[in-house]
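Please go over the structures that come below.
Here subunit A shows up in two complexes: once beside subunit B, once beside subunit C.
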Partner chain A sequence: MRSSGLSLDQAPPEDIPFRFFLTAPVFGLLAGSLILYRGVLVFSSSWHFETIALTHLITLGWVMMIMMGAFYQLVPVLAGGQVPWIALSRVVHFFMIIGILALAGGLLLISPLLFPVAIAALLLAFTVFLTQLLTALFRVKANRPVVVAMRISLISLALAVSLGVLEIGAITGLWPPLIERSIVKNLHVTLALSGGIGGLIIGVGFHIIPMFYLSSPFPEKRAIWILRAGMFSLAAVSVMLLNSAGSVLLFTAMLPGVTASIIFTLTVWQMLLKRKRKVVDATLRFWQIGLLAFPLSLLCLSVHLFWPDERLTFAFGLLFLMGFAATITNGMLYKIVPFLIWFHRFSTLVGKVKVPLLKEILPAKRTSGQLLQAALAMLTLLPGALLQIDWLVRAGAIFWLTSSGWLVLNLIFAFRQKPVTND
Partner chain B sequence: MQTINEYMAADHARCDQLYADAEAELLSGSFEKGREKMLAFEAGMRRHFEMEEAILFPAFEEATGMTQGPTMVMRAEHVQMNGILAQIQESLEIDDPDTTLGAGETLLMLIQQHNMKEEGMLYPMVDQQLTAQVPDLIQKMDAIE
Partner chain C sequence: MIPDSVPGGHSIITVDCRELEPPEPMVVVLEAVDKLQKTEVLKMLHRQAPRPLFPLLEERGMLTHLDKFEDGSIELWIWQEVQ
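And then the complex of A and B:
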């Protein structure tokens, strides 16, 4: 109580991260079903309601779900701060589900009644979440790169959510638009993806890579430089967007951030190659796929500035959201979940009864099978969307559905591991 | 002047390397060499625990009066790690490299999150609260066999 940051045992109750983690692939199933049902149509215009629904099934349903669970779990370990009012996290989870379903449902069924529900639920969920995490992170004195990155991520999310709410209200006629739709949209996407998602993955990557794969540490000076360049670009791009700047100016504003992202990617790649542990597991492959998709997505985005073909936007979206964000979060679940189960349920029993090992809580065969499905989904959806080939997109949807379903089963398998009580 | 955090983090890295070497040998199928290296890793771990439990933690507890605080949590995790180390030893005795590797991986995750907490919180606190004693503490820990 007296001095936060002193207690080292601040992990949240296990059900809190788990409920977020398990929900993510369920939304993955919904997203996959939507792609399977509509085929290449969902990749015909980013202004379509269906496409916006799909995007948020993935961004809010998958990526944010895992990010929220990870924030609750990792802030005490990585930043050393206690997350306040931890029981409220269950409320956050509940209203996220309601909000995402109402948002996607409203957009898909064009049902105006659902939008106020979506707005209220999402605002409630994000307000509680952001208040909890920002309180925790601003209480910590340390300015380690990961803490800075997490703050950037949370503040970007706060702005992105506000803009998203403004926009959905404007689109559905709940209130008049404040500024031009495309400006709000571009700002919303920039803040949500580069600040919100990019910020967290990069910040956590600084620590997680050395920790899980026994690599050399991420050079601290370089980490700080990367974050500064990223922040600069985030601010500069936002200003340019608000002033409807042209492609050259926008690209110039993006450049430091893109360069920093590439340096991050190369550094982590190098660290992985030179890691001390030589074992190869599925999580390592998930990281590698993510690290390939990340710079490729930025390439598509940059080319799109000068050659505004919508298909490039879809390539960007697929590479960034499914290839990078969903893949890396997927891989992280396979490191975090077995360990949490072990830690919460078995660690105190060591030496007293026989406890399972991590590989028994979640066998490698299960994870590598799902990895293959996830990779095949990417490899089919991407050309399908770029070349606008319907059957390829639907085949990709099937791989994606298999992958999501498999992840659900794997997580359930792990959650079922309980100590045998026959003492 | 070397800080406690630097000194102890270097020892963490040394133990990590010992583990990685042992794991690599076992993975490549050379069980005898793997066993030898795994035992070296085990010795490294036990020495590290002793440095903390015999010297560093008592000094911290005495200086701050906190016996039920961070050091208590760290000691409890040492007990858990010792439990898995025993499992590793057992598997080495009965020539069961699969279990050695599985237990090793489990132990490694436990070690990593443990080290993260020590390097992020506990050691910096020691450096701050016991600044004057740092060289002496390091000398005493160095002397441990």
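And then the complex of A and C:
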């Protein structure tokens, strides 16, 4: 078979992405429970241990879990790379769970015993994951935007994890702090959110939107410009933070990246509006909510530079993590999971038996119900945190818990779809 | 234009998948492949390279040739190996 350099069956076994995808909303349930239990107190200071625990239940537990599953699945499909030592992905998943639970547990219970466990487990999980994916991506010769974006994301994650580990070690007395804590924190957040999460969502967006929504392709020159501007800002902001630069300099360094993010948002919005099939489904709405939350989060961040009110930090965190990252990854699960189920279980049966459509593997009424809960969670948590209204925050937690639980059930429903045998 | 690697003298069956949502392009192509005669070659038009399709074509013992264009769209030629 000749396929012009395309490699063949490189897709990982189906259990690998699925185990990461299914774990994400379970951590969503833990995050929701913590908000429900503590109410508005989790939104009182970004330095509080329980706030840091909540943040990591969402960033590592939800967003990173889905990102890891997506990396394993999408690198062969979108970049044409072969992920080495694929069986080790199951070890990565196991140690991620241990690491996140130990980190959140250590922060919530202020238990010094759990921090070394968190450090060891997360370091092991990320070292294996990053080695696998960086090996795969640097073997790919093509420097297409999605490949570049994935590399930016992985390198940013490597730096963010290193800084995170340095910080945990410093606050628990395992080693002395190397640099000032606020610098480490700001660098860690910048690299993890802008480079790690933003890089992957933007890169995957270049391809996924035309592929699943039948839109025009993302203009390649614009994609390259967006990535260059993003990389410039990431590097410039990091240097500014290390030098304790003032607000004006930081904002100037951020500006190309913010502009690039807005251009990405507007381009994808236009592509979705002009899609060839005018079907409106939950995944489209998840993307649209995410695309609204993304620039709003950047606005909060920019205003926060000049008006350092802690509530703006929470508005940024909620908009970026729950409104943008968790929402878009949630929407993508509803495209990727039915497709993988179809591919692994039904594609070989085409022409032999009637195979289901994607909307039969995960019906629209299931996904639209969860979408409503996710949207209500945002609409209550955001004003609740901004105006410090306890009952609104707890109501938001209930919506978030319902949304996460619903997503678990929807994923289980999809995973249970199997070909009917006639024996 | 038929690429050099594609056997000549075959009749061409064109399957246009440019406006189909995943996994419909795969379904349409695989159904067409199952009916493909030894004297026929299938030409798939698509918005992008259908990577997940390749292992399924290989499993069916098909030969392929892929042409990519600047806008990312592709022409995939599929035919049976003649013994």
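FYI, the second predicted complex is superposed on the first by the 415 of 423 C-alpha atoms of A that agree within 3 Å, B and C clash if a C-alpha of one lies under 4 Å from a C-alpha of the other, contacts with A are read in each partner's own complex, and residues count from 1 in each chain.
Here, contacts are C-beta pairs under 8 Å (C-beta built on N, C-alpha and C of every residue); 3 or more make two chains touch, one makes a residue touch a chain.
Here the structure is a predicted model, which is why all the values come from computation and not from measurement.
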item	value
Fit-or-clash call for subunit B and subunit C when the two complexes are aligned on subunit A	clash
First, second, both or neither for A:77, with subunit B first and subunit C second	both
Partner chain in contact with A:278 - subunit B first, subunit C second, else both or neither	first
Which of subunit B and subunit C A:420 touches, first, second, both or neither	neither
Subunit B versus subunit C as contact partner of A:360, first or second or both or neither	first
A:179 touches, of subunit B and subunit C: first, second, both or neither?	neither
Touching both subunit B and subunit C, residues of subunit A	6, 8-9, 77, 80, 207, 211-212, 214, 276-277, 339, 342-343, 347-348, 350-351, 358
Subunit A residues within the subunit C interface of the complex	1-4, 6, 8-9, 11, 76-77, 80, 207, 210-212, 214, 217, 276-277, 339, 342-343, 347-348, 350-351, 355, 358
Partner subunit A, residues of subunit B touching it in the complex	16-17, 19-20, 23-24, 27, 66, 69-70, 73-74, 79-80, 82-84, 86, 99, 102-103, 105-106, 108-110, 112-113, 116-117, 120-122, 125
Complex contact set, residues of subunit C against subunit A	5, 19-23, 26-27, 30-31, 33-34, 47-49, 51-52, 54-59, 62-68, 71-72
Contact footprint of subunit B on subunit A as seen in their complex	5-9, 77-78, 80, 142, 144, 207, 211-212, 214, 276-279, 335, 339, 342-343, 347-348, 350-351, 357-360
